[in-house]
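In what follows, subunit A forms one complex with subunit B and a second complex with subunit C.
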Partner chain A sequence: MSSVMILEQILNFIVDTYMVEIDEIPLNESLIDEGIIDSFGLIELASFLEKAFLIQVNDDDLTRDNFSSINKMIALVDRKKSHD
Partner chain B sequence: MTNNIERCSKCIQSKNYPKIKFEENGVCNFCNKKNKSTKIEASFIDNAKIKISNLFDNRIKRGEYDAVVCYSGGKDSTYVLKLAVEKYGLNVLAFTLDNGYIAEVAWKNIRKVVDSLGVDHWVYRPSSENYKAIARASAITDVYRKNTLTRISAICNSCISMVNITALKIALEKKIPFILAGFTLGQIPINAIIYKNHYKFLADSRLESLNKLREEVGDVVDDYLCIKDELINEVKEYPHNVNILCIEDVTETEIKDAIAPLGWVSPKDVDGCSSNCMLNTFNNYVHEEVFGYNPYEMELSHLIREGLMTRSEALDKINDSSVEQIAPIMASLSIEKNDIISVKNVYDSKR
Partner chain C sequence: MCGVFGVLGVHKQNKKNIVVNALSHLNHRGPDAWGLYVNRVIGLGHTRLSIIDIEDGHQPMQSSYCIISFNGEIYNYIELRKELESQGYSFNTNSDTEVILKLYESIGTNCFKMLNGEFSVLIWDKKSEQLVVGRDRYGIRPLYVLLHDRAYFFSSEMKAFDALAHYKREIDPQHLFEHGLLWNTLADNSIYKDIYTVESGTFEVFNVNGRTTKERYYQVGESFDSNITADSFDNTKKAFQELLDDSIKVRLRSDVPVGAYLSGGIDSTIISQRIKEYTNYELKTFSVTFEDKSLNESHFQILASKQISSIHHEVKILNQDIDDNLLKSIYHTERPIFRTAPVPLHLLSHKVKDTDTKVVLTGEGADEILFGYDTFKELKILNEWKLSNGDSTVIESLKELYPHLSHYADKRQFAFIKMYYEGFLSDFDNEFNGLNIRLSNNKIIEKYFNKSLGIKFNKSTLLEKLKKTLPSNYASFSLLQKNSYLEIKTLLQGYLLSSQGDRMAMSNSVEGRFPFLDHRVVEMAFGMPDEYKLKNFDQKHILKQAFKNEIPEEITNRPKQPYMAPDLIAFISSDGQLSDLASTMLSEQYIVEYGLFDNKIVKRFLNKFKNGVPENTGYRDNMIFIFLLTSQICQYWINNPLEVELDMGKCVVDILDM
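Here is the complex of A and B:
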């Protein structure tokens, strides 16, 4: 799966779940700092990544850095996918 | 209050709810979206059912208890306590945060229920002064982002954070693998039925609001809303939060009938939505003044969409509030009307 496809799925999920328009979603900024998600949002996103991309997000993956922006989340998915 | 406001013709979400659009026949975009997503939700819930029984069946006994149950004494958490004991056979510790505003009738229910189920019960009462300071700051300053407050009032949000953090502390100290609470799917996202309560990961997302509370109240907020590094650094495995009510398909009446044999009676001296906390009417009032809609709209609308409540029952709940409770609560928290107007202005200026 290409990074563009991963991006598209993540964006669709965020638009559907958090009542934002696609052009309001930053790719390199924290969704928390932007006020788009709260702590439940982090739980949801981690669970979404697992189900949508069939990866296992372990305790060690749950770090500030991995979830600090959409691009970082795509990188996490990429890394997990290439390790399979 | 918001009695005569324009609402969706199917659910009760009103025109001031964020991102609402009224589409054909006055039906809102959330109801229309629901029609499309029902299948996905059903498969989510089926998966959650399997995951929950696996988690409970394969639990490893590390301490005295299997689960700490956040127990407010309301009908939902009473039902959860009953399910935990009777359906799942868990050895539970019931935990109640006494915020000083729990109605007397609710206390009677709490005592009767824990006694009938034969469970241990732990009550934690933060100092009244500190609790009130946190509640006050939550109501009259922009502690939370407005997206965090689409289905909960600011005071409730702070109070629930206190409950969650205290439950996690208990679970970590007593090596309890599960934390159960009475949340339903209208209150929490479907992805959050089961999750690992990873304190460090989630702490980041709470930092901004925590700092605002520290500014208003002082570092004493850390005692209630943070866990000390000494405890966190020792953690080998965080407990799972499991919201078992989300996988049950039950109406309010069925829940009430199921818990009546435990001695639970419906409180009459509190308003229709939350059945035990006397702050609730005031919290809803502030939310309506600041954001223009009732914080229970989403939750009740969810129940309507699920066929678990009728639209008129939901409207009755929203409109049936004990307004006479507002003034005494404002006085007890030293809040004046002007304080509410100024927080509204702060939120408005951010739009």
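Here is the complex of A and C:
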């Protein structure tokens, strides 16, 4: 699966779940800091990543380095997939 | 408790009609009697709920050269009266109203800082041909001003303006957004164009040409001096106990019996216990219970009522009750709410009225002045986190927060909570303080507004606006004192005292009294060292220590449970059906007609619940839904004002002074 496809799926999920338009979603900013999601939102997003991309998000993955922007989440998914 | 109304404008010919029509919309605030005063310049009106000097306290009340329309209670009126009598003033009634009138004649607008109590007041001074309007220190009693057709109108509630010819309330979307962000509008703004509120702790003076003076006579924390060394904890505890007792005692001054709300928490339990201690009448206590066990606190309410042997009344709230009563509740709040928690209090005040009780003491204010909210813990943790450079024990203490939310206890998901709070490390200590978190959670509502309104979240603009409202000694406050100040100015005034307090009690002609909001109590609490109020994570520490022997231990030691009512779940069935009210108000037809919100976004949001409300639905979705729904209902009431008429037989004052 390409990064673009991962991006598309994440964006669609965010649009449907958090009621923002695609062009309002920043790729390099924190979705929390931008007010798009709250702490519940992070939990929803992590579950979504696990289900949509069939990956396992472990305790030590739960850092700002992996979740503080969409591009970082894509990188996480990429990394996880390539280890499969 | 009462309703006040005024019109100021020489060119208005039919002032009597204006006042009578407006008063009809304030009848629920004072159904016992009404009256009016009209002269060439001004018309004053009053609807009365008789509590002190039932026979003679009618209003508007005249003295030698002043006339007053007053809503509220002055608890030190007996002492003030003695003082005035010693200066040679004589009195015709036993009311607190006459005391304000004579005090004003004695010392002018310096009278406000002498008053202990809650009030909104209109005083026409015939000598100077000036109207003086004033409001209590914490904004317990409402007072709004409208400039329309070259005249000024003053009212306890904005719905009275709906009676004016050629006038229709109009929501100001930018102010509505600000209200959504902070749970109140800043400064003197209301959510409506052309209507402002007389700010708490201020008075204003008008002559025939308009407003000439706006002056602050009180500010929260005004007596705080960071250079003074605090007294010991034990001495402070004793002094605080005595002062709170006195605050409760003076709030029992009434010519009708006083009851109490009993939530099951420590604040209301202490108040009820102290009333019982100081009175010999059968105390009636009142509680809300819920069918939803996670919200229900009846175990603690019954425990408290048994211990103080009160006659206890409960109103059991079903989800359906919330849906059935939201429309009426928003008629009274006149602004959107964010949780349905006010609705049960509308039903509770009905119960109070049914038991022939007119006055209740309640615990509002304790959480703000004694650091009872989680925002205080959050700030304390963030501060220690920053100072310790991320010490893991400090970060672990985030688990202290929100024990009622199951996901906070989950080890894995704790990491997300940490990430969430990490985002605030850079700015939690700016002027917004604890409000940074509320802003961050609430700014999402920007996306729901109709795009053509151009609503944009601009934190720095809002910060500049906030800074202009802050007192000169704000910088000397501690981090937690700043939060106390801001919670009082936003959540307490804009929501708890108004939407959830005054309006829900007055909707059934019941008066709420707030012992924790006696200014002596507030100022004493404000000046205490932070650790007296929040010791480690023990909230309201000094209050618990002062009264732990008087109330059940189980109540002192229970974790704080925020008072909440069913939100989304009250309007959406398990198979995803919206209630009639929600489906109408959030329908494409109403969304487009009212123009406040974006239909596509609202539709997409509602689609989230097409299979019912998911179990783990969080704060934000509940808040968004209630905010959207109740904003729509505000517009509904603007478009469909109620037709109400006054009972002409209850007119007790009708003065034409041309």
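The rule we apply is simple: the second predicted complex is superposed on the first by the 84 of 84 C-alpha atoms of A that agree within 3 Å, B and C clash if a C-alpha of one lies under 4 Å from a C-alpha of the other, contacts with A are read in each partner's own complex, and residues count from 1 in each chain.
Note that in this section a residue touches a chain if its C-beta (ideal position, glycine included) is under 8 Å from a C-beta of that chain, and two chains touch if they have at least 3 such contacts.
Everything numeric in this text was worked out from a predicted model, so none of it was measured.
Chemist: Pick one for A:Thr63: touches subunit B only (first), subunit C only (second), both, or neither.
Modeler: In the superposition, A:Thr63 contacts both subunit B and subunit C.
Chemist: Looking at A:Ser39, would you say it contacts subunit B, subunit C, both, or neither? Reply first, second, both or neither.
Modeler: In the superposition, A:Ser39 contacts both subunit B and subunit C.
Chemist: Have a look at where A:Glu24 lands relative to subunit B and subunit C in the superposition and call it first, second, both or neither.
Modeler: The answer is second: A:Glu24 touches subunit C but not subunit B.
Chemist: Classify the contacts of A:Phe48 with the two partner chains as first (subunit B alone), second (subunit C alone), both, or neither.
Modeler: A:Phe48 sits against subunit B, while subunit C stays out of touch.
Chemist: Look at A:Ser3 in the shared chain and tell me whether it touches subunit B only, subunit C only, both, or neither; answer first, second, both or neither.
Modeler: It touches nothing on subunit B or subunit C.
Chemist: Identify the overlap between the subunit B-contacting and the subunit C-contacting residues of subunit A.
Modeler: Touching subunit B in the first complex and subunit C in the second, residues 16-20, 32-33, 35-36, 38-43, 46, 59, 62-64, 67 of subunit A appear in both lists.
Chemist: State the interface residues of subunit B toward subunit A in the complex, per the touch definition above.
Modeler: 18-19, 33, 144-148, 150, 188-189, 191-192, 195-196, 198, 200-202, 204-206, 208, 238
Chemist: For a test of understanding, state which residues of subunit C touch subunit A in their complex under the given definition.
Modeler: 407, 411-413, 415-417, 419-420, 422-423, 439-444, 446-448, 457, 601, 604-605, 607-608, 616, 618-620
Chemist: Can you list the residues on subunit A that touch subunit C in the complex?
Modeler: Against subunit C, subunit A makes touches at 15-21, 24, 30, 32-33, 35-36, 38-43, 46, 59, 62-64, 67-68.
Chemist: Which residues of subunit A touch subunit B in their complex?
Modeler: The touching residues are 16-20, 32-33, 35-44, 46-48, 59, 62-64, 67.
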